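Chain IDs A, B and C follow the sequence of writing; residue 1 opens each chain.
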Amino acid sequence: MTAVDHRPGPTDQREPSGKAPTGLAVWFRDLVMGMRFAVGSGREGWTRTALTAVGVGLGVALLLGASSVPSLLNNRSERSNARTIEFGEQKAPRSDSSFLFHRVGSQFRGESVDGILLRPEGGHPVLPPGVDKVPGPGEAVVSPALKKLLESPDGKLLHDRLPYRVVGTIGQAGLIGPSEHYYYAGSDKLSLKDSGTNRATAYGWRIQSPDMDPVLLVLILVGCVVLLMPVAIFIATAVRFGGERRDRRLAALRLVGADNHMARRIAAGEALLGSLFGLIVGAGLFLFGRQFIGAVDISSLNAFPTDLSPVPALAVLILLAVPASAVAVTLFALRGIAIEPLGVVRSAVPRRRRLWWRLPIPVIGLALLAAFGTVDRKTGSVNTYLIGAGAVLTLLGLTMLLPWLVEAVVARFTGGPVPWQLAARRLQLSSSSAARAVSGITVAVAGAIALQMLFTAVGDDFTKPTGQDTSRAQLQVMLPARDGATTEKMIDAFKDTKGVSGVIATISSRILSAGQERNEDGFPLSTSLTVGSCETLQEIARPGPCKDGDVFQIKGGPGSYVDEDLPKIARPGARALLNDFDDKGNVLGRPSTWTLPRTIRPVDARPDPTGEQNTGLFATTGAVDVKKLADPTARAMVRLDPSVPDAAEYARNTAARFDVTANAFQLMDTSDDRRFVSVRNGLLIASVATMTLIAASMLVTTLEQLRERRRLLSVLVAFGTRRGTLAWSVLWQTAVPMALGLALAVAGGLGLGRVLLGLTGKSGIAWSVVWPLPLFGAGLVLLVTLLSMPPLWRMMRADGLRSE
Amino acid sequence: MSIGHTLLGLLESGPRHGYDLKRAFDEHFGHDRPLHYGQVYSTMSRLLKNGLVEVDGVEAGAGPERKRYAITDAGVTDVAQWLARPEKPEPYLQSTLYTKVVLALLTGRDAAELLDTQRTEHLRLMRGLTERKRKGDLADQLICDHALFHLEADLRWLELTAARLDKLAAVIGS
Amino acid sequence: MTPAGSLLTARALHKAYGSTPALDGADFSIHPGEVVAVMGPSGSGKSTLLHCLAGIIRPDSGSVLYGSRDLSQMSDAQRSALRRSDFGFVFQFGQLVPELTCLENVALPLRLNGVKRKEAEERSLEWLERLEVGEVRAKRPGEVSGGQGQRVAVARALAARPRVIFADEPTGALDSLNGERVMTLLTEAARGTNAAVVLVTHEARVAAYSDREVVVRDGQAREMAGLA
């Protein structure tokens, strides 16, 4: 054909000059022409382009966000590693740059407040990342969030615990996220003798991050599919906004001589421009939206705006794939349509949708998941690709099934009241656009249901009874007690603390056998000695009668640690050493002997409020001189008065007053992994957001359809159609595909969820996570209908009858 | 309408007596006005004189002349030429109505009312034709349609003039 | 003052769109079984008059009496109900619901009026056949010719046995032949059921199907009946 066209001769006269463009040049010419049409055809053209741009932009923003997750996690863990202080087994040598440090963890009203006490040993201590001056004694550099908290009226309480002069703030390099409460405080009291204090010469830790839990990997994989597929579908829907008007414009182009292929390419050009604008809008939305990422704090998954930077390769992929798919979708959408000079003709008898090639897709997907997608928890290996493929096929299959289902069901609708008839007929004539809009929701809901099921099941692993008894105490404070007198003062101080209604306090240490006997490792025989009052004994054992001066031998209950050395030491009248020994088994310090009393009553252990069973010797305060104990640890279990707000904070402040390194933690009956709950909530929010996005596109489609039918609506009004009749028909028109989509989503989601549960060795359906999503979907249908009512009302005026 | 050509055309299908010719004419074309026999007679003598017809024979008998006429070759040619020749479109200048409108304007009378009255009259006639068309056969319909289209054209002129009365008044007044 | 025996009477109608007056003191009346042509140049207010008469829009002032009821005083719901039960409509184009079959389109006003589907469709089929388009009953409006579509629309206007039919340029989109057929069928059917027809047209040949004409000029309607 080309040869004929370019043969010189009389037949070639029509060609003005040069050669007609071919191949790519033709494409380029037509696409550019389409782009010009997209902006050059007045307000309507702009509206359509803007709609597409906003729709695509929303999708692109989401995609950019998703493509930033890897770098976000990476940046966070890099900064976390950079500030971790490494201390090896071998003690670092003291030098001009070395420093002593002690980690302090605390909580303030449920939020972590962590810090590090520093004591430089030379003139040039290394600086922590993000800090430009090591704080001197009594000074601190704090994170901006902590500074804000300390300066706020609420922070007064916290300030009592961290009584430092704030001399600076920690920069981004030294923080994992902007809302982190973190500080470095200078101290001149740190000493290597204190446990928990170490020497270091540098910040930064390079270790291989552990492999991700395969179950988590499956979750993330399916999560990506679930969240990104609707976005892709949404983008595909967005480039078709305003399709009917565009058809008319295309027909006009055909009339002035464009051929069918040209018209298609011009249409693709229009969509291309919309999607290019969409990229710009999306980038803008993304940059704008990430300013607020700092305010988001899901399970301390908090990051700086700059952490949210797309992985370059993924960004390029988005940049190329979105416009390319805009062109592809447009060409695909026009395939069943003949653009004729006098109008657009859809093939009169639309092809009936077939089930035979649609059904196998989700079935293959589920089969893949069932057959290959096993997670070997032991080796941690997971067949990533096959599980991903399985999940994608299953969800994709659902979107393929949906148009068939909608068509098959709608075809059976006959009769019914007028609104129903109008809606049903409309759907029968063009069920695909409705199905298309809903398919995004189907994927989102199906995936979300599957994930929620999995999360609930897996989440049960993370919610365990701790064995702690919060009815007896709510807070435990551990602090190294240098002597017994301090401990007594501490107990009194706690008792005097506002909001504290009771204190169970003990001092523990190790005692050694006075004999030369050694255990099989070559160490002296040792056991733990706990000193406390008779009341305290009630809390950790079942002692019977007790008076000051008594000594008891506490035997662990079933399942507890068996102290083999205990019976050998706890002999009535025997002598024991109140000394510690070093890592070679040599007894440290001057031997300090303690003679055990004539009677040592054996008692059974009772779990203390922290759920622990204490074994070893228990001495009442009169039986042993606590001042002689080597390296004792004081422990106070504090019962709080629930009616006093911030009681826990007051108690923590008391602890900190005694020792800034005191470690106080809250007791809980069950440990619900909060991170897990918030990931679940995050997923719920994400699927809700996706559904909302799709509802927005449904609204646009509905409004567009109404605008197209303005004249018809006026005619219907003329012959007395009630507004309610038309409102109901709009509702049905949205609700029927949505209901089918949601039904399919629930079925598919349950199926997928079951298979996924099987993979991880779980079972059982938590219906409570299934029903909120369809319910939300139904709510969206109502919302879309409601929002389309005012324009419907406006269009149902007689103005539409006035001749144009 | 040229009666001579019409009669010639009727003769083309075969020779006829004068009276037959009149009957045939009336049947096809004389809806409104039947032809007088005298008119047929005078027309035929003119055609005879011009050599377009010839006398095919005379039937004996009492009463009116029973001449049978036949068309000559020259006559056939003449009919063919007449049919092939387009009618000169007559620009009917609405002279009377135009005069009336101008006069009304000149004498300060309501020209719009004049036009409205005329429109009503036109429509009345059109209604009658429409009614006749509805009841009549195909020939009636075609003839009525012809009249209706002409009347419609007049009506359009009336409407246009009505819409331009102000301008016309200005032109005349100046 | 209502002319004796008149079915629908409008007095001193005023209606403005923004600052542009569309009707400026228009009067009108029609009797049962009468076909009245509303004529006049484009933009003269013909359609606005029709819309006021049919209760589709409410005049700014003036009255529209249908029997003893004043449409201009009725609520939107009441006027809608009246349009459903007593009025029929034919427009120039864009009036058939594209998703419904022709038969369903004809049945629509009946069904809106509460007639059961089966009965509505039986009655509609009779009308389709009367208008010589029974064969298109199962087709959608997009699949039939303009003339057929307009006949379907006429059938729809007549199916509910309205007392007044409002036709706004009903032949505007048709050729002469189809236009005439539609007008013949419309007026015959209307006369057959003693329905009044308000026929807005700018074509004299279409107006010739009427019994009398009213000319709207500059928002004022002039009755020409007295001059006939």
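Criterion: contacts are C-beta pairs under 8 Å (C-beta built on N, C-alpha and C of every residue); 3 or more make two chains touch, one makes a residue touch a chain.
Owing to the predicted nature of the structure, the values given are computational and were not obtained by experimental measurement.
Asker: Pick one for the touching-chains graph, please: line, ring, star, complete, other.
Answerer: line
Asker: Which two chains have the greatest number of C-beta pairs in contact?
Answerer: Chains joined by the most C-beta contact pairs: A-C.
Asker: Between chain B and chain C, tell me the centre distance in angstrom, where each centre is the average of that chain's C-alpha atoms.
Answerer: A distance of 38 Å separates the two centres.
Asker: Please report how many Å separate the Cα centroid of chain A from that of chain B, as a whole number.
Answerer: 94
Asker: Would you mind pulling out the distance in Å between where the CA atoms of chain A average out and where those of chain C do?
Answerer: Those two chain centres are 64 Å apart.
Asker: Can you list the residues on chain B that touch chain C in the complex?
Answerer: Counting only chain B, the residues touching chain C are 112, 116-117, 119-120, 122-124, 126-127, 129-130, 134, 148-149, 151-152, 155-156, 159, 162-163.
Asker: Which residues of chain C touch chain A once you look at their complex with the stated criterion?
Answerer: Touch list, chain C to chain A: 47, 51, 54, 56-57, 77, 80-85, 87-89, 91-92, 94-95, 97-100, 104, 108-109, 111-113, 117, 140, 143, 157, 166, 168-169.
Asker: Which of the residues in chain C end up touching chain B in this complex?
Answerer: It comes out as residues 41, 184, 203-205, 207-211, 213, 215, 217, 222, 224, 227-228.
Asker: Under the definition above, what is the set of chain A residues touching chain C in their complex?
Answerer: Residues of chain A touching chain C: 348, 415, 418, 421-422, 425-426, 428-429, 711-712, 715-722, 725, 798, 801-803.
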